[in-house]
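In order of appearance the chains are A, B and C, and numbering begins at 1 in each one.
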């Protein structure tokens, strides 16, 4: 990690340091509502980063990533509710199961040459299939949902993610930061370069000795495992899980918007994207209620229009443009 | 007597499947020719459902009749949409197209939500509960009419692509884009026509669907997925494939909903999609790439 | 000199079309062999069977004493055979340097040392000044040299070049020929090249193999080959022999 820091130019170091300090000190300056918005921003920055590794670097489009969030959430929640096993331990099982599912999806796709849109549809089918399955399985609570009980006496057990808003804020901040570090390390590693090669031209990559199947599988495994950790956070933050919500294709779409808007294949893209989109969504709710427009869906219409505008104006994402404006140089492959 | 119940379910599935097939036909045309991943496909269908619903409730016009003007309007919308916004996204990466169409889908879905509210709106046709007695079966009139209409439109489309100059030109674009451009075909205009034709199918299908299902904004994503499943199972680039795929999915969902449980009816469709993607990507009737 | 690469009666069929017809030849270590022949003669198909893109229907291919027919393209590269493509395939969004780094990462697992090796290769291929440009922004001659540089960075024992001179002006052709001849001279790199540009063939190749309708019709020194009646006939037809 030290080499990463040393590799940055002073300007970048300054900006990152300022951002971290600002985020760490935020609870002192802003109210609870904004902290909850920021928590959401950081959560999406993290899961968006996990998805970005698979898509932005390895070039594999997954539109069913909610599958891994849901699996991570349910595994950790079930272990807690039925066996009293805390998330600090449950996260390992969550990651493992998500990686198994990821391996299956990856194997089906890569072994049989399912690419591009077809692979994306495969991921959607896997998520939908699992959603319906969970809706009908008894011990996970079925469509009625799984609830984490409120236990007053347990508040303060931070390793069990039992606590107030602040606990979850700092956990989310830690996750987002960790996500950035992982992305930075991987993007400069041998594996990261192999991913880029496979993304750009798989045939050429193979002619250079790269085992494309293994590279892609590794991408899916890393991405699904990382996403599952976000799922564990989700379960203990919201304390209730419904298959129709957590596995839904809307969740899958939601978590990929940030990286695409921010900038695929860049380390800070998902972070920038999350900082743009989540407050935009929340702000639009506030704006429409302030203007007295009481129509449900008004916020989402503006949101959709913003997406269209961004993808037309800045198809490579906002971060590469922003970095240029700030005079930074992120190697944006 | 039990077999007649199953047969009834199957027939129901076939008839509904033909209407789904018409909707999927629109996607097959758009995805197969223009190669745009139309993730707003289902949302357009829902708009058509509402349009037919409105025309029926305000003017008393039967959707089977308003199907044609709705289809014509959708043709125009598709033509304009492609020529203006979507054309610059043709040939760009899938995720960019995806975001554009998802944005459009979100706008449509929530626009409908704002206009009509979240409740499902049924078009209460006067003959909605009539049925024909065929042997031991009772088949809903609405389903037969809409299935026949779907087939009629599909047949018209088939003739268009096979026997007209424009239709042949469009098929040329799908086969070999560079060749088509080199021969002097106005690809941009042909793409716009194709998108218009595709959306016209969706418009007609949506109008027909409101006779058998209630209009609700949230149906959009489900119909989009359904269209993709049908197109892939049936085979991209094959018009018959879209209809056959529609029938297959219609029957399987009807049977699955009846035998297992209504909430699980889509599970089989998704499993089928995965199987086709992995084992026979060109689908049942698709051309070998 | 020992035979490094042995192609023994290799055939490849595509649903009724016999693209490669029982072709046999050997390449010794340090040799430069040119494969020529009219269009459609099966040259690239032959290359693709050696490079692992296709598996031969009949015959065997041996490299450094081991059979390699049927192996995947990445396995073949790991064994020590590098290749370029007839229509170049750079990694468009990546810089010239990163393109070659990816090649270098095969044998240099540490990114920093791979980068050093890549820069040395770029220097050799006269591309060092373009190293930060995105590959998509290069001119065709530069892309061709990038293609060679990238394959070269994998430290191959044999380099398969597929029409690398196509579309280049004579001065650029001479430039690449000089680079390749230098590599062969300095490091003993074995080169097998498909080529239509006779200027390059005559300047570079020590031996020439001629394919026609998928079959090998002649093999020998360049000067002798171009006077061989069967070769002239295959290119120019019966009348040319008269």
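General remarks:
Assume contacts are C-beta pairs under 8 Å (C-beta built on N, C-alpha and C of every residue); 3 or more make two chains touch, one makes a residue touch a chain.
All figures in this text were calculated on a predicted structure; none of them were measured in a lab.
Identification of common neighbours of chain A and chain C yields an empty set. For chain A, the chain whose average C-alpha position is most distant is C. Separation between the centroids of chain A and chain C, computed from CA atoms only, is 44 Å.
Per-chain Cα centroids separate chain A from chain B by 33 Å. Mean C-alpha positions place chain B and chain C at a centre distance of 50 Å. Chain C has no residue in contact with two or more other chains. Those residues of chain A in touch with two or more other chains do not exist in this structure. If you check the complex, the residues on chain A that touch chain B are 55, 61, 63, 108-109, 112-114, 116-118, 120-122, 124-126, 128-129, 132-133, 135-136, 143, 249-250, 253, 256-257, 260-261, 264, 295-301, 303-308, 311-312, 315.
Of all residues in chain C, those touching chain A in their complex are 51, 72-74, 77-78, 82-83, 85, 89-94, 98, 101-103, 105-106, 109-111, 114, 150-151, 154.
Chain contact summary for the complex, chain B toward chain A: residues 37, 85, 88, 92, 94-96, 98-100, 102-107, 109-114, 117-118, 217, 221, 225, 228-229, 232, 261, 263-264, 266-267, 270-271, 273-274, 277-279, 281.
By the touch criterion given at the top, residues 188-190, 193-194, 196-197, 200-201, 203-212, 333 of chain A touch chain C in their complex.
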